[in-house]
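Should a chain be cited, it is by its letter among A, B, C, D and E, assigned in written order, with residues numbered from 1 in that chain.
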Amino acid sequence: MSTGISIEHIGAPAGSDRGGPAQPLLTVNKLVKHFDLKKSFVETLVGGGKVVRAVDGVDFKIMKGETLGVVGESGCGKSTTARLLMHLIDPSAGEIVFNGETVGSPQLSLREYRRQVQMVFQDSYSSLNPRLTIQDSIAFGPQVHGVPKQEAVTRARSLLSRVGLEPRRFAGRYPHELSGGQRQRVNIARALACEPRLVILDEAVSALDKSVEAQVLNLLMDLKEEFGLTYLFISHDLHVVRYISDRVMVMYLGKVAETGPAEALFQEPHHPYTRALLSSMPSMDPDHRTEQAALAGDPPNPIDPPSGCRFHTRCPLAEAVCSQRVPILENRNQRETACLIHEPGSGHSLAGTAIHAS
Amino acid sequence: MIFYLLRRIVYTIPIMIGVAFFCFLLVHISPGDPLVSILPPDASIELQQQLMKLYGFDRPWYEQFAHWFWRALHGDLGTSIASGRSVSTEVMRAVGNTLMLSCMATLIGFLFGSLFGFVAGYFRDSWVDRVASALSVLGVSVPHYWLGMVLVIIFSSQLMWLPATGAGPGGSGEWAWDWAHVQFMVLPAITMSVIPMGIIARTVRALVADILAQEFVVGLRAKGLTDLGIFLHVVKNAAPTALAVMGLQLGYLLGGSILIETVFSWPGTGFLLNSAIFQRDMPLLQGTILVLATFFVVLNLMVDVLQTTLDPRIQRS
Amino acid sequence: MNMTSTVAGIAPVPAAAEPVERSPGFWSGVVRKLMRDPVALGAGAVLLTLILMAIFAHQLVPSDPYATSMLKRLKPIGFEGFPLGSDELGRDMLSRLMLGTRLSLFMGITPVLIAFVIGSGVGILPGYAGGLVNTLIMRTIDILYAFPSVLLAIALSGALGAGIGNALLSLTIVFIPQIARVAESVTTQVRGRDYVEAARASGASPFTIVRVHVLGNVLGPIFVFATSLIAVSMILASGLSFLGLGVRPPEPEWGLMLNTLRTAIYTQPWVAALPGVMIFITSISFNLLSDSLRSAMDVKS
Amino acid sequence: QEKVLRIGMTAADIPRTLGQPDQGFEGNRFTGIPMYDSLTQWDLSKADAPSVLIPGLATSWKVDAADKTKWIFKLRPGVKFHDGSAFNADAVVWNVQKVLDKTAKQFDASQVGVTASRMPTLRSARKIDDLTVELTASEPDAFLPINLTNLFMASPAHWEAKFKAVPASVTDTAARSKQAWIAFAADASGTGPFKMVAFAPRERLEVAKNTEYWDPKRTPTIDKVVMLPLPEANARTAALLSGQVDWIEAPAPDAMDQIKSRGFKIYSNPQPHIWPWQLSFAEGSPWLDKRVRQAANLCINRSELKAFLGGMMGEAKGIVSPDHPWWGNPKFDIKFDPKTATKMMVEAGHTADKPLKVKVQVSASGSGQMQPLPMNEYIQESLKQCNFDVELDVLEWNTLFTNWRKGAKDPSANGANAINVSAAAMDPFFAMVRFVSTKTFPPVSNNWGYFGNDEFDALIATARTSFDDKERDAALAKLHARIVEEAPFIFVAHDVGPRAMSAKVKNVVQPKSWFIDIATMKMD
Amino acid sequence: MNTDTQTDRTPIVSVRDLRVTFTGGKKPVKAVNGVDLSVARGETVALIGESGSGKSVTLRSLLRLHPARRTRIEGRIDVAGVDVLAMNNRTLADYRGRIASMIFQEPLLALDPVYTVGAQIVESIRRHERISPADARKRALELFERVRIPSPERRLDAYPHEMSGGMRQRAMIALALACRPQVLLADEPTTALDATVQIQILLLLRELQRELGLGIIFVTHDMGAAVEVADRFAVMYAGRIVEEGPTREVIRNPRHPYTLALMQARADGAMEKGARLASIPGAPPDLANLPAGCAFAERCTFVQPACLQTQPDAVELGGSHRARCLRTDATAHVMTRAATHAPRPLTETA
């Protein structure tokens, strides 16, 4: 890249990148978020305030420079995880370790962490302040971190040109004067303005047309390389996730079902849910149309999730034990699967046998 | 549902206490001596103090509040300084009359308001809409007490079609729902209905336009419903909100009738308030306002509950 | 923080000094839309005239608004020397109506203005803070909100006694909870928008977020609401004067004029109706302008 | 065909019906005199002479020659209350106790306020025989018989019945008494020409003729009288014009023409009432100079003011009018003479270039205040020609009324050196004494301006101790003459109590009084 | 009905040179500019295109759902042999929902929120047939079973917001089928749904179409979904159908540069991981201000000067495959990855 200077050279304080490339950029341990359903005085008296178990003990790592794709059905907690990572909401439990430091510890203040982690939202319109010009929107972040106004504006303009919007034409515009694709580019520029190391993209391309989606995906790939970024890429479009991700994490009802390298996972899904999800992708072959839906019904309610393995209610391979035992997410050659079939001695009849061989 | 109701009621309690305290404060923020009005010009200081004591004005305010509130809870709002009658009987009698008038006015306002609103919302941006909208803006813009005076001049003094003042030939005590009595209500009710009419018309117009812009209306059309069928759907969708607005308007009329009742000598709470203010009859002022505010709070509660019941979209827990 | 050095690194393309095309801002868009709206223009012109009249009343009045004449009392409209007739003390109605603009507009606008400032603050704070702060402040406001507005205004002025100051105070107290409620709900909405989230995510302090991202987006809707209250305030204020709780004679104020001319309605109905007409015109203009403003500020339209 | 007379009163509420009405003299007018009688009462049968004191339930009275604080009243025999019980000395004692004896069962604090101050010296009553009572005053006081027009005789037997009917659950005597009075008010019993038949608080009172009335001259022919409180002048006018009532008090002045043109009759007659500016004699007051006071009195064109009020005003030449027994031919003749007035002002050192600044507190409205604002604005204009520069300090009525008791030296006066509160002038104390006695300086009574000296105190003392009616009137006349001469007021107007009635109402006599006798009226 | 007289090859829907112009705004918006489309009985046609290309407008024109006062519709629309544009209000209302009915993208918005779904279905049935409420309800229940809603009896009395997304869409389909229509118009019925639910709905539609012999027009963004259900593809761009043909043909051998570009822009069409995706430069044209020539010319890689001059006519490519392009020769040999290298996820063990 001719113009890009790797962020390590200039970004975070020197020597902060500890542990070398093997050390994950971000480690999430037992992250939990329960939302209280509106509780009132009376309900407290009567008892039975319910909670939404939006994220219920999630563990994962993001390596430096990789793209971690996150897939899963609506309501499985993808966005909540992202918002937890951004510290937009406080976790009910669990910790987030960034670059070897626990977030919120004296070594890594929340403020400093926030500079290094940025987010792009799905709704390109509502993520821009309608009363600010896009240049001001982009320049806001750096200014918060002490960059003088003039300089922040200069940076905003160079970023605009970098994401393919000619600053001269676009810098002074308001969000409603841009198309969806253009707005999403602005959002990306805004996220990059603070020179983050990790960018969380929550359905960042889902609202875009296919032709525009391709443009934005290309841009994301370029920027990643140019600035040495790490992405957490959330999407329900499996094709896109497969295309962009190095590793993929599959979530189901607030839990991680499976993690693994993208190609391997798509080629050979371990978890029955992953398999079902992948086979729900429409085929692009008119001669081999899908004949039967892999799963029936909608995902259960996170207010009252099923016991044991959360997937057992819809799983074609479920046995009695699945409703009693909570599967453990275990790492076996880069693949992590939370399924009793993959857990030797779990009590499941298929436990230990390679599922794809059956 | 029952939880919702309970919660709503429990939530009302602190508000009611606050309201009561506010009413109580009214006496204390008012300058001048509440006894002035009944004291003869040359009452001796001794007589003044004697009456002070009699009415309990010599004790510290918190004691007075506790006392007053406790008694208010038992329905005893004290004694009117001016008339010597119990405030609660005075107010209750007046509330009945005001309620009657306000309900009538709300009804008129609701009928015409929703008529204008529906027409305007249905034929949005046509001349019908403009006329109906103009009428509703008129409704919220006209000083209604003035309108009342104009109506009296025209219909009572000049044409002698309708009586000008009072609540029936034999007073409100002998009220009956026949023309001999109802004619007394016509002018004040029409005057009073002007504001709710305007507000309901505006609300309904926005509601209808909003509903008509929703996708489901296309859905209804797509399944072959005629305009009449769609109209029924619009009505059912608009009803909870429109009724809620109507309920709130009734509340506003209950509390806002003072000017109209003064103009028409209608023996309601507004009339009572007016004389309470001008005679500086603080217990009466306090009591009337407390009762009206209570009505308003309860009405709000009812509207809320009603709306929740009527509108399946509102989640009930 | 050594971020500053990196700027050039991203792309040293345009210099900050280079001119950019500036889109017209939101407010100029609103103004443009209003200028195209005949109703808004009409209402605006009426209000502008009234405001100018209020400011320059003393210069403009054709005769002394206080000069009484027992012989020339209650003259009809068009009577010599009295273009709009004379009142019960033989004062020139035209002059009094013109000077009355002052107090009437003042009584209508001031409470809303003060309530706008206070109410916005009182509403935005809990709206943005949420949680316990919200509960505490909003529940307190609910208490005032539990009174119908006319009742509250009359109760307060009734208790405080007559006079401009007390009437203004009462009306302000009436409007604060209403504005605060709107402010709170708008702020709560805005707080949930992604751009506020994004600002929080970039580590900005609540104060900065409110200043940059919240205020600009909530003041508009609150303002629109406040303008719609002016009409209400006009009518309420004149109502208070009508009851003898507001402005004191001999100051001209429309509500009060309406009151003192009440009994003249049999002799000079048209003259007696004039203050009512003025109140009506002003209030309808504010209502119409507020409606236009609302639709002009609606991004969808 | 039942003859029903419907009256629109100015009061906001029905005056109390239990015998001691509130709402000022309108109360006495409508729920006092028609339903009750007092020991002494006013002669309301003449329109052309001042109404004077005549026997009522007492046929005669005289002061005890030995102890001038004691009075002997002979009662009228054969009088019956509406409930059938007899009126006698016990009833008088009972009625005196109801307001003066805190230990009496029937004592009612709420009636004290409006009663006690109108008979400030009365202390107690004692029965001598069935038709004789002895009343005791705190000091020798010749005004007592006049004061007694304010004590109406309610039926003790009827009250006792009400007292008994109070539910037994109420044990406290005071509470029972209170409830008994409430019950009594809803179903009252007096000796008057009308009996109460129906009552809706704040709405209407109906009374029917008492065919057994003791005075055949005043036994009513009208079957029923309905009274409606209509405080709003326009509402009253509208009610009259739309045929809802036959008679309204104080019609809207500007509607007079309309009312007349529709065939209604307007009645008016000057009342014992004075609408003045009461002047301050506190230190530094501009009014300390008598020339200034007299000049101001000469500077007002009262007939023009009267015309402005549609004729509904009496031109004041003093507190009472020249045909009144208390007139006394003062040497200072109050009239409109701006030339003399200006001359006096110039003499006093106030030229047109250097007008005398005065400030007066007035109200915007108020009971019996006529039309304070327009009238004061008119005076303000008038006084300008005589080198006065008047500032009006407009207050709310109640505030003004409170200030009146606080006096000119109180901060509430706000620098004002005159106050405009109108007053009833029926009784010598209210008409004159309270304004000119050194004993009535604020806050004791209404001598707001601190006017008074030994001469006036002596004149008052003489009048108070002249127990013969003639002598007393002569003494009061002397006092009045001196008041006019010293001019501690600007005497402006007497209210004329305008009322409009349908032509159907006949035999209407509007006396020179606050009151009017409904009993003698007739209807078509 | 006249079913017997018609063979299966006569189209049940036939649209000729449809032009829809919205005249409400400042400038007239030409949302549809000469669409020709026919659908045979028992055939599913997928209408594909970018946002704003006029798919929904075309679809809604078939029911004449556009506000009459602000819309100009030209051309000819025949459904089941009846001229839709000639209908009066009464016959139009009878036709809607009876002969052709519609399902929407967001059933939550397309169903009346204050009526239970059961009531809405009953209402629809009773609008078109004389039938007792009880019988109508029975029909509704059958329909619910037909679209496989679990515990259908209970769901009939549910309000739309009380159902999950997939369930709502099924209810919507049940509503559309209530009066046994011959044509079903589906406007992106699965876009708002999750992948696992989407496939269920697609399969359901396919099954219903087969069993009821419906003609379906299926509007979508998503090629994959279209492939699952459609017999034929029609690709729209700027208010015109630029390419039309059997699914297999269009997918395997797209001949319009726009279709080609769409195929290449797909993430699953990428040659390899990390390779740049082929994106279409520029943006769709302003419908209020259409260019004189081919609307796609500006963004087309095969553009020639001639393309800017005239609107190209349809070029027959054999086997009812047509494209409106002057350069079908140039596109003939560009093979897309999509057809050959479509990554197949694991199929069920069969």
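Just so we're on the same page, a contact is a pair of C-beta atoms (placed from the backbone, for glycine too) under 8 Å apart; a residue touches a chain by one contact, two chains touch by 3 or more.
Predicted model, so just to flag it, every value in this text is computed and none were measured.
K.L.:
Over the chains that touch one another, what is the least number of steps taking chain D to chain E?
P.N.:
The fewest touching-chain steps linking chain D to chain E number 2.
K.L.:
Which chain's mean C-alpha position is the greatest distance from chain E's?
P.N.:
So the chain farthest away from chain E turns out to be D.
K.L.:
Counting only Cα atoms for the centres, state how far chain C is from chain D in Å.
P.N.:
The computed centroid separation for chain C versus chain D comes out at 48 Å.
K.L.:
Rounded to a whole Å, what is the gap between the Cα centroids of chain A and chain D?
P.N.:
89
K.L.:
Using Cα averages as centroids, what's the distance between chain B and chain E in whole Å?
P.N.:
Distance between chain centres, rounded to whole Å: 54 Å.
K.L.:
Give me the residues of chain E that touch two or more other chains.
P.N.:
Counting only residues that touch two or more other chains, chain E contributes none.
K.L.:
In chain B, what residues contact two or more other chains?
P.N.:
31-32, 149, 153, 157, 262, 274, 278
K.L.:
Could you pull out the residues of chain D that touch at least 2 other chains?
P.N.:
234, 237, 258, 398-399
K.L.:
What residues on chain A touch chain E, complex-wise?
P.N.:
73-74, 179, 181, 209-215, 217-218, 221, 236-240, 242-244, 262-263, 266, 268-269, 275-299, 356, 358
K.L.:
Touching chain C in the complex: which residues of chain A?
P.N.:
On the chain A side, the touching residues are 3-5, 10-11, 13, 83, 86-88, 110-111, 114-115, 117-119, 121, 123, 126-133, 135, 137, 140-142, 144-148, 150-151, 153-155, 157-159, 161-162, 167-169, 171-174, 176-177, 187, 190-192, 194-195.
K.L.:
Over in the complex, which chain C residues touch chain D? Could you list them?
P.N.:
Listed in rising order, the residues are 68, 70, 73-74, 88-89, 161-163, 244, 248-250, 260, 262-267.
K.L.:
Along chain E, where are the residues that touch chain B in the complex?
P.N.:
Counting only chain E, the residues touching chain B are 60, 63, 65, 89-90, 93-98, 101-102, 104, 106, 109-116, 123-124, 127-128, 159, 161, 175-176, 178-179.
K.L.:
Which of the residues in chain D come into contact with chain C in the complex?
P.N.:
Per the stated touch rule, the residues are 233-234, 237, 252-255, 257-258, 304-305, 307-308, 364-365, 373-374, 377-378, 381, 392, 394, 396, 398-399.
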